[in-house]
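Multiple structures are listed underneath, in structure tokens.
One chain, chain A, links the two complexes that follow: it is found with chain B in the first and with chain C in the second.
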Partner chain A sequence: MSKLKIDKELVDSILTAQLAGTIDEDADFTPLQGLSQPSVVFDFHGVTMLNSCGIREWVSFIAKLPPATRVTYRRCPQIIIEQINMVHGFFREGAVIESFAAPYYCEHCDKESKVLLKTAQVQNRHAPTQACPHCGEANMEFDALEEQYFHFLKNQG
Partner chain B sequence: MSKPERIAIFTKDDELYNALSLALSPLSPVVRSPDSLDNKTLALVDERKGPAINDLKSTLHMPWLFWIGQREDKEHIQFIHEHRLHHLIGLDAVRTPWEAELQIKKIFAGKDKWWGLKPYLSQGTTTDGFSLSDSNKRGTDQVQEILKLQDWSEFFDSPQEHLALMANELVSNALYNGPEEKRSGSAHYPIDRKDPVFLRGSELVQVNMGIDTHAVGLSVMDCFGTLDWTKTVDSLHRGFQEKTVQYKKGGAGLGLYLAFSHGNQFIVNRRAGLRTEVICLIEKNRRYRQYKGRLKSFHFFEEASS
Partner chain C sequence: MLTHYDHLFEPIVVLDLQKKVVHCNPAFNLFSKQPPRVLRNIEFLFQLFETKDFDLEGWIDQGFLKLELRISPELELIHVREKNLTSHVVIRQFPLELAEGTFVAIAIHDISIEKNLYDKYRQQLQELHTTHAQIVQADKLATLGEMTATISHEISNPLTIAVGNTELIDVYLENPDLPAVRAELVRANGDIRESIDRIHNIIRNMKHFLWQSEYTKEFCSLADAIAQSVELLKTPLEAGDVKVETLLLTEDSVVLANPLKLQQVIINLVKNAIDALVEKGTPRPQILLEVRRNQTDHSLELRVVDNGPGISTSVKENLFRPFTTTKKVGQGTGLGLSISQKIIESHKGTIELQDTEVGTCFLVRLPPIEGYSFSRGDKVSRGITAKQGPRILIVDNEPQILNVLTRFLEDEGHHVIASARPEEALRFIGKMDVDLVLTDLSMPEINGRQLAHLAREQGHQGPIVYMSTSKNAEAYNRDRDKMRIAGMLIKPFTKEEVIRTVKDVLGRKP
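Up next is the complex of A and B:
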């Protein structure tokens, strides 16, 4: 039984699909088949796991979308970013990655934060400055290896 | 094979040598860079500050060889694949002596003490676990329950997500690959991962997890023993080289690669035809960056057929 929940919303001919749960071998993308909208946004905020068979299911699914469909990936969680840095094919060629979570660490209050970054904020694979949401410290440290973590952005214009 | 009679450490790094010597001397006499080696010596080779790499390759025939590498993980897997290494320690300034002590202790302890998380967690550490005999939910809910029981205060923010994924991949492999390969004698008739699987009789997949002062350990053990060195290393090698899913009946061909990539130490214990255990360790760390920057280690312990 699929542990993936998909909610759809259509506004101004842009379809937004919110995905939540686990993308695995049982993931059922039937609710998204036959999409005819020119623009589709996939919001991954609620996705908690993406396993190897789930990547295969996803790659098969997006390959069936019409070539002219404009695809956007929104709010990709950190565990998803890690997976797509390790396995090719999750991002459809030409798709836009709008936003994703990134780990930061505050030396001042010793707390880690997952910050939602817009892709445009990352220039030359350098993490933007972020203030600590816990203590207000102005400059948290990016807590991953930039070259490795931002690898998935290499094909983004 | 009997136990080694001495340990030879090849390194030019005095600090590392002193730390390793201190950790290992209770197990056996320790010598530094001896001129000759025999089959009763366990060799621990630091490629970083050791002799030239070509000289070090003369140690590759040793029955007990622990290689300390400082290259990228992908290169390490290539090296393991090329030279049929069973033990490669990803160099880490702080943790290498601790890891070498744990892994080499297993060689001296004897094969009956290889199994489970006990060799890796401090004495008295409590572990939590469960058994599976079918593919219903693949233990996902039980893993989540165990994860909730642990104290994560000394870890970075997300080890639970990594452990849940590693458990998922390893449990699926154990349930789907092990029984079919054992019964058919080959891996050519894989089961579709969407199909249910029911193990027979006393066949079980056992999952355990525990945390001590150094690390969190995850163990997934089957009672089939079909995952041998060649399958393990070929799978890791393909994962690093190709980084793509396979479109075939059965798994996507990346489960071991992902389990390896999300941990710090990847350990396999195997008794051919009887049981295989995959253990993944994530070392205690407050910083995600250090967890990701740690070069990964690989260990394969094979019980010789009796």
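Up next is the complex of A and C:
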């Protein structure tokens, strides 16, 4: 049984699909098949786990979307960004990553944070400065390898 | 140099000879779910992982002693810093000779997904098996349910006779001169006993059909399975005035099969024929059960032929699909042929509908035992390929003897190949090395002595042992030297006698 929940919302001819749960071998994307909207936004915020079988299902699904459909990836968690960086076909050519989670670490209070960044905030694959949401420290450390984590940006026009 | 590993998909961590972590590739970051900041401060691998039921630390230590490529068994890795997270992995350890010195690399093959999928597959397969068993049982219950009306009729006949005789006995007992009516009393009592025996047989057959374990195969006679099935269907056959004829065109109908499953297939086919014949009011309804040996591939063929209305083309296409039925609602589950097909396929046979001008003809083909001998179970086939122990060929036209001897010898770890047909046994001797032949003496067509003679003619050098009753001991005495017969097992024999003889004969072999 699929542990992936998909909620759809249509506003002004833009369909937003909110994905939550696990993308694995049981993931069922049929509720999203046959979409005719010119613009589709996939909001990955609720995705907690994915495995290679689920990735295969996703790649197969995304490849079947009509070529003219404009696709946006929104609020991608770290696990989604890692897959986009590694798996050919996970990111649809011509699509846009609007926002994503970025890992930060505060040396001052020793806490990790996932900060939602807009793609435009990242320049030259350098993480933007972020203040700690826990202690207010002005400059948290980016908690991944910038060159690798922001690799996906080369696909962004 | 170590940065070359950064482009690989496989998680790799490099240790120096003090077992300290000197490099992790990005794939290791992902696998360990730790940011580079944490990994930079990790001194030893076991600050990140623990194992259950396997001493990984000790295993890695051994690798440092020998500095050679080593591959671990499959193991469960617990991520210490990630609560509740475990990975199923296989670890490869190999030395690295670099300009900077000697290092040891640990490459991790993460098989968690395969493991989870395999577990899920096994679980679903088990569920399928359970469901299938339930469907088979439901079909049997349905078949018996349909037969209940006629079976109750069958039971009521002897019951009437028994009741009538008890009344007669009451009358006789009122006679003051009991010795004078003794003969009548004995006859009435005999009739009652016979009636009760008939009822008992009917009920026993029903219980046997329903509940006996069905998972074991044994050497059994197809002719017997037909006779028992026809007996169980006696009532509906009589009720429909259907004539049934069995034509055995071979003396040997022994197969390695589950006799109850065979019976279930025969009952399904005959019951379908009865229903079709009765429903369409076929004049002089009859069913023919014909058994013959295919002379080309030596398979055993059973044809179930009726002179009924036949099967329409539209039904033929889906005939073996579940829930296909032409019967009225409530009269059939539509599972009988589908289940029969599964049963026959599980015996590596086939079942098909044959074209006929009149009526319907189902052909069931069961492979010869020779073919079965290599596929009858993992135990045997694994044994044959893995262990090169003695192979014993048993030849006897009595399925019970084949079953008993197979059990005796397999219990002792021997590889047993059994055949009910000397002709087949000879082919087998010609095809592969057989270390010992145990052959019955009294068999139709080719007897044991002829078999021994033909085996020697085709170059078989191994020992041959006769099996027969003591009255045939003379045959052994005559052939002992002439055909190098190694011994004789006198029927009836015990397990100890069989084992002793086999051990003795194989021990003598040069």
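Please note the rule applied: the second predicted complex is superposed on the first by the 157 of 157 C-alpha atoms of A that agree within 3 Å, B and C clash if a C-alpha of one lies under 4 Å from a C-alpha of the other, contacts with A are read in each partner's own complex, and residues count from 1 in each chain.
Keep this in mind: a residue touches a chain if its C-beta (ideal position, glycine included) is under 8 Å from a C-beta of that chain, and two chains touch if they have at least 3 such contacts.
Being a predicted model, the structure only gives us computed values, none of them experimental.
Partners chain B and chain C clash in the overlay (superposition on chain A).
Of the two partner chains, chain B and chain C are each touched by A:Leu145. Once chain A of one complex is fitted onto chain A of the other, the partner contacts of A:Cys135 are absent, as it touches neither chain B nor chain C.
Looking at the shared chain after the overlay, A:Tyr105 reaches both chain B and chain C.
With both structures placed on the common chain, the touch criterion links A:Val59 to chain B but leaves chain C unconnected.
Among chain B and chain C, the chain that touches a larger number of residues in chain A is B.
Of the two partner chains placed by the overlay, only chain B lies in contact with A:His88; chain C stays clear of it.
Of the two partner chains, neither chain B nor chain C is touched by A:Ala120.
In the overlay built on chain A, none of the stretches 59-67, 293-301 or 329-337 of chain C clash with chain B except 59-67. Within chain A, the residues touched by chain B in the first complex and by chain C in the second are 25, 51-53, 82, 86, 103, 105, 112, 143-145, 148. Interface residues of chain A, counted against chain B in their complex, comprise 3, 22, 24-26, 48-53, 55-56, 59-60, 78-79, 82-83, 86-89, 103, 105, 110, 112, 114, 142-145, 148-149. Every residue of chain A that touches chain C in the complex is listed here, in rising order: 25, 51-53, 82, 86, 103, 105, 112, 141, 143-145, 148. Against chain A, the residues of chain B that register as touching in their complex are 140, 156-158, 161-162, 164-165, 168-169, 172, 193-194, 243-247, 251-255, 257-258, 261-262, 286-289, 292-293. By the touch rule above, chain C contacts chain A in their complex via residues 9, 26, 29-30, 35-37, 112-113, 117, 120.
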